[in-house]
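Labels run A, B and C following the written order; every chain starts at residue 1.
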Amino acid sequence: MFRPLCNLPLPRLLSSKLRELGFMYCDDVCIDRNGKPILDPIAEKVLRQWSDEPCTYWKELLATPATKNAFSHLQDECDLGRIETFCRSLDEYMDGGVPLQRITEFSGAPGSGKTQMCLQLCVDVQIPRAFCGLEGQAVFVDTCSGFTVSRLSEIAEACVNHCSMLARDGLNQNMLQAMKHFSKISILENVFHVLCLTHVDLMASIIYLKKFLSKHKQVRLIVIDSITFPLQTIDNSLQRVSLLYDLMENLRTIASEFDVAVVVTNNLTTKVETGKESSLIPALGESFGHSVNYRFLLGRMSDSNFVCVSGKNLNKSSVTVPFQITRSGIREVQNN
Amino acid sequence: MDSLQSHLGAESGLQLLSRLENRPSLIDLDNVIFESGLLPNEIVEINGDVSSGKTLLVTQFLAKCLLPKSYCGIDIGGLNAGAVIIDTDHHFQVLKLVTIMEAYIARSGCSSNSLVDANTVESIIKDALDNLTILHCYDGVQLLITFHGLKNILSCNRNISLLVLDSVSAFYWQNTLNNNGIHKMDLYLKKILISLQKHIHEFKVSVIYTKPLYFQSKVHNDSNVIGKYGKISRQIKLQKVLNSVNLFYAHICDNSNRKVLSYEIGNDGFHWHVAQEHK
Amino acid sequence: MARLCKEMNSLFSEFVLKNLRLCGFHTVVDFLEENPENLVRITKLPYKDIVLLRHNIIANFSAFQSSGKTAYNEIVTNSAMVSTGIERLDALLGGGILTGNIYEVCGLSGSCKTQLCLTIAMNIALSLKQKVYYIDAKLDFSSRRIFSMLEEKQIAETDVTETLKRIEVVRIKDLYQLFSFLHTLRENLAQRELESSFVRVIILDSLPAVFFSFLNDTNNEGIALKSQLANTMKHIALECHVAFLLVNLASRHFDEIENLPDPDLTVSSVQTEVVKPALGKQWLHIPSTRLLLKKVESQVHVSIIKSINIPLCSSCILNIKDEGLV
């Protein structure tokens, strides 16, 4: 079976040009001459109008993604580490925290602790290696002006205090050394805040992120809080959905290419079923749910008590995990 | 084309032979659907929804067509004719064909005959399968070239009287991408059938093709005349009864009459319900 | 190969090709469809050469012809029923996954589609010691999950490593990479008789992920590529005797069937929730067997909604456990 040219990502003009000249398959463009593949001279001429190096261009078009067996995948997954949440039962529930290279969604009603969770993760991703952290940086894409520096510095201060206590008590030289560069100020410096008020801003920032991340190799976390907000202004539902897919595809590429964790927050919407009571489910529909890897639903029980339920998690069945949001951030629920 | 034949000395001799010769008759292909029998050069369309049994019906036709009339004096009831299937959708399964053939032989009453054991059944089926030519097509260009090659296949096998195309629409979407030519589904269908007919009309074989239900232009004109070579003589439309598990309707219409039959799908093919409704 | 070139036949000299192209004959189809007498005039080749070329092209580019008997023998010797390792699912499928076919698993998001694929991949690698390809289009493959399933099954450490090594994962970014991978795979599989452990099952998770970006296309490009992808997979499935297991999304539709004013003014509308597979009506025809998954608490209901061999609407229930689906 020959591979038709139309299943290559060619510019439309180029593919119609080639088609006019009778090129239909890859084998028409690249001919096997005595066991050596060479570009057809006419095709080469056409390709040259699009690229100075037609041969390399052609090879890149046909490049096959590499395979890797599950064993080395496992090793990589273990090497990558995760972003802890500071609440042990949540971490256990999430297999050690928010995973890198994946898209994790937190959804919940207003005031259910989504933004708190994001801020906490922005701090936690920076914990020095000496404390088994990732020592990374974070990008906070803020779409509904929910980012508050004062809250972030509160959480940061609590984290620094906690770490320095650990270092002092353990008299660990590495930890003490690491604490010299780990302060509230350094934490605030290592969170990059992007404000995006419209969907155009958001799309542009996501595309720009690729460039940004190739310069800032230390970034391990990208937060988008929230992904729903800028999309609400688009009336045309088809346009909205296709924009959302584009966003997700870009985020997925970024996540795997730069080894970062992507965290998005989502709102809830009402689902009405005949014969049943209406229930609240994450917004943006079934196919959005399909394109995130992990989905957690957050809810507020009372003043400072919250719960987390898995809506979609490969590894665990759905159980409810309680957690607390205190002044210092997300914490384990204390049993009297 | 005519001028081509006049030049191809050797080949047109073969063609002359096949023209003079009678291919096996398909009059008895299916007495329920084709009451008056399937005639040479007829074109039959089977359309229907997902899992309404299009490919199954075709497979069933093939089974009857390929099986011998009798085996060592035992009546089997096949037509002993050859067939070609151009498989573009790749739903056709030889194993299914064999299952249906086995059921057919069992029904014909041979199984009660002590002379026929499992080995004999297998050899009957294997002989019958030898009458079948399968052509797997994977893209539109290949399909067109395969049509050109049919001439050769048909003139070499004078036994072939049935040609099945399953399905006609398989490469439509690629075609819309490849050339800016035909976008209308009806026109595409017509084009395919005409180019098929061009190559085989002199061989007097019957054609059965399948197409999915959605495959027709939005503005559907009911003229099923396809050029100078003939027209679609019958349409069989398969439909599942809403909310039923295994109950289907077949609307069969040919030039003169229409009828509606209901059926179930079993492991060995269609089970027609006896109650018939004439319109 | 469809474009006329000198590699096809020595009769296609530079001169002949140049003349043909000047008259707009670029491909083999152009050549075949044209009146031979015209071609003689254009190419200045003798008539018998044109006839020879026609025969040559037909022989080289038409579909491969096989008799029903050969096809049957080939299927009997080469095809295999691959057990999924999940007893109830095997029973439902009539023994397992049959090579040469495309199976589709669809369900709402979070209905354990990926779980099922991971479990099947693990079982095949573990018990049948076969290589499995896992095409990961949305970063859902989790070797950690497979690892913990194997641990739960109390498999010896060396076997765990061996099993994991048998699962080949390939991450694809878009549809075009998927095509590239499939074509390379086809070439590799063609020579697989040499290898000791060959491939029977290829898992693709998930199909909609690669087509999402074509949602808004006006040229029907997405549909065309879908049909091409289907053809490519069917080709590989049939010629290389492997089976594809695809993950598709399903979505809810509300079909309002009747909304007639009722004389008694009681219930006036009948609204039914229908779960439909994604990717459109053209795709509905493609897989030979389609399974619908529905998660109910810690169980998954599997039902067959399209198949050639299995009676429709038969179903089974699987349990979600730490060692995978059982």
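General remarks:
Criterion: a contact is a pair of C-beta atoms (placed from the backbone, for glycine too) under 8 Å apart; a residue touches a chain by one contact, two chains touch by 3 or more.
The chain lineup, named per UniProt: A = DNA repair protein RAD51 homolog 3; B, C = RecA family profile 1 domain-containing protein.
What you see is a predicted model, and the numbers here were worked out from it, not measured in a lab.
Under the touch definition stated at the top, chain A and chain C share these contacting partners: B.
Using the average of C-alpha coordinates as each chain's centre, B ends up farthest from chain A. Counted by C-beta pairs in contact, the busier of A-B and B-C is B-C. The most central chain, judged by C-alpha centres against the centre of all protein C-alpha atoms, is C.
Averaged Cα coordinates give chain A a centre that lies 29 Å from the centre of chain C.
Distance between chain A and chain B, defined via averaged C-alpha coordinates, is recorded as 53 Å.
For the pair chain B and chain C, the distance between C-alpha centroids works out to 26 Å. Among the residues of chain B, those touching two or more other chains are numbered 138-139, 141, 174, 177. Each of the following residues of chain C touches two or more other chains: 2, 27, 224-225, 228, 231-232, 235. Contact with two or more other chains is made by residues 1-2, 4, 6, 24 of chain A.
Chain B meets chain A in the complex at residues 138-139, 141, 174, 177-179. Across the interface of their complex, chain B is touched by residues 2, 27-29, 32-33, 35-37, 47, 51, 54, 57-59, 61-69, 71-72, 75, 100, 219-221, 223-228, 231-232, 234-235, 237-238, 281-282, 284-285, 288, 306-309, 311-313 of chain C.
Chain C contributes residues 1-5, 7, 21, 26-27, 30, 108-110, 114-115, 118, 133-134, 138-148, 161, 164-177, 179-181, 183-184, 186, 206, 208-209, 212-213, 215-216, 224-225, 228-229, 231-232, 235, 239, 249-252, 271-273, 278, 298, 320 to its touches with chain A in the complex.
Those residues of chain B that touch chain C in the shared complex are 3-4, 7-8, 50-51, 55-56, 66, 86, 89-91, 93-98, 126, 128-139, 141-146, 148-149, 152-153, 170-174, 176-177, 212, 214, 245-246, 267. Listing the residues of chain A that touch chain B in their complex gives 1-2, 4, 6, 19, 24.
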